[in-house]
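Chain naming follows the written order as A, B, C, D and E, and within any one chain the residues start at number 1.
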Amino acid sequence: MQLGQVIGSVVSTRKDERMRGHKLLIVAPLVANNGELVPKDTGSLVSADLVDAGRGDIVLIVGGSTAKTAIADPNVPIDACIIGIVDSVDL
Amino acid sequence: MQLGQVIGSVVSTRKDERMRGHKLLIVAPLVANNGELVPKDTGSLVSADLVDAGRGDIVLIVGGSTAKTAIADPNVPIDACIIGIVDSVDL
Amino acid sequence: MQLGQVIGSVVSTRKDERMRGHKLLIVAPLVANNGELVPKDTGSLVSADLVDAGRGDIVLIVGGSTAKTAIADPNVPIDACIIGIVDSVDL
Amino acid sequence: MQLGQVIGSVVSTRKDERMRGHKLLIVAPLVANNGELVPKDTGSLVSADLVDAGRGDIVLIVGGSTAKTAIADPNVPIDACIIGIVDSVDL
Amino acid sequence: MQLGQVIGSVVSTRKDERMRGHKLLIVAPLVANNGELVPKDTGSLVSADLVDAGRGDIVLIVGGSTAKTAIADPNVPIDACIIGIVDSVDL
């Protein structure tokens, strides 16, 4: 999993019908550096939100085929999901 | 998912027969930076277009085995698909 | 697999129910360089701990769908696991 | 998919028996930059050739589990395949 | 697949039982550059050895779910394998 911070959202009206109902958030991955979380230099990704996350929240992201496990529907074409909101990290 | 911008297309006549009928577009991945979308430094990729995207469109891309979920045919050897056209991002 | 060092942990109370009971550790990937293990510049990731690892331990990490193989439950949405504690490396 | 250019080949006599008969080519991934295809800085990879590609050809590569879809044999341990020869790109 | 050179090995006694019997080697990925193989800057990884490779050997590595195909046991939690020893490359 990756840590990330929610920094925005995506509006898409012309999309695969199976994605309807999934909120798509823009997340900036974070990595630990000298005891702090800092943005990862690979840049942001788009994740379906499964835990009602909000802007600014630190979240847990899963990717690849595990995103379909998270959604619990193998027919939804989504490859990244927010599966948890982080209360704190101990570094 | 990744955000990207359609910047071109690929013509290939000698290819796996199962790819016929899938338009192949060249997409430059985009990431959020200071409230704007900017090109990701990993460079472009090729995605099958499932939503009739056009040059210049900002799109949503899925990759890996999820691309076959998007195509809804596990026998098509495609590992990246455009599954949505982005109307706007809120950053 | 990747080598990594456990550098912290994550507390998340609002998360997918299927993740309960899995300790989530922050791991800094390590690579070999001139006969020593040094931090990889991609930064840390979060892994479920399957071997009771502790802070400072050098560990083996698997990712992607193999994490579900490690957990031995295809319904757990986790994409990175610690599957071994490293006694030594011979470089 | 990625674009790439065939730059060499690999000879391996001690290998998994299921790989026999698959020509292994070294491909340098290419990305679009200012209207031209240029080498991607991640460096070359090795792909099984499914379309009789030759040195210098610009090709389409699929990776991960999709390579097994391309080979149409889930028991062949190959994770990258050349599935098309590119006639032209429109950038 | 990636090319790599075996540069070391890992000893792990506390690990997932299903990994027993698999020799774990540290491999430095190699890429082609101006007609020579040079180390890839992403750094080393750990691969299960399926072909009795030795230190210094140039090898072929598969990753992800294909590693389980190589091992021919879907229950072994290994995500990278050495599947061939390279005799030569033609660049």
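The rule we apply is simple: contacts are C-beta pairs under 8 Å (C-beta built on N, C-alpha and C of every residue); 3 or more make two chains touch, one makes a residue touch a chain.
None of the values given here were measured: they were computed from a predicted structure.
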> So which chains count as neighbours of both subunit A and subunit D?
Replying inline: B
> Between subunit D and subunit E, what's the gap in Å when you average each chain's C-alpha atoms?
Replying inline: 19
> In angstrom, rounded to a whole number, how far apart do the mean CA points of subunit C and subunit D lie?
Replying inline: 31
>> Residues of subunit B that contact two or more other chains, please.
In response: 42, 64-65, 67
> What order results when the ring of chains is traversed from subunit D, passing next through subunit E?
Replying inline: D, E, C, A, B
> Can you list the subunit D residues touching subunit E in their complex?
Replying inline: 7-16, 19, 24, 26, 28, 42-47, 64-65, 67-68, 74-80
>> Quick check: in the complex, which residue numbers of subunit B touch subunit A?
In response: 1-3, 31-33, 40, 42, 50-52, 60, 62-67, 69-70, 72, 81, 83-91
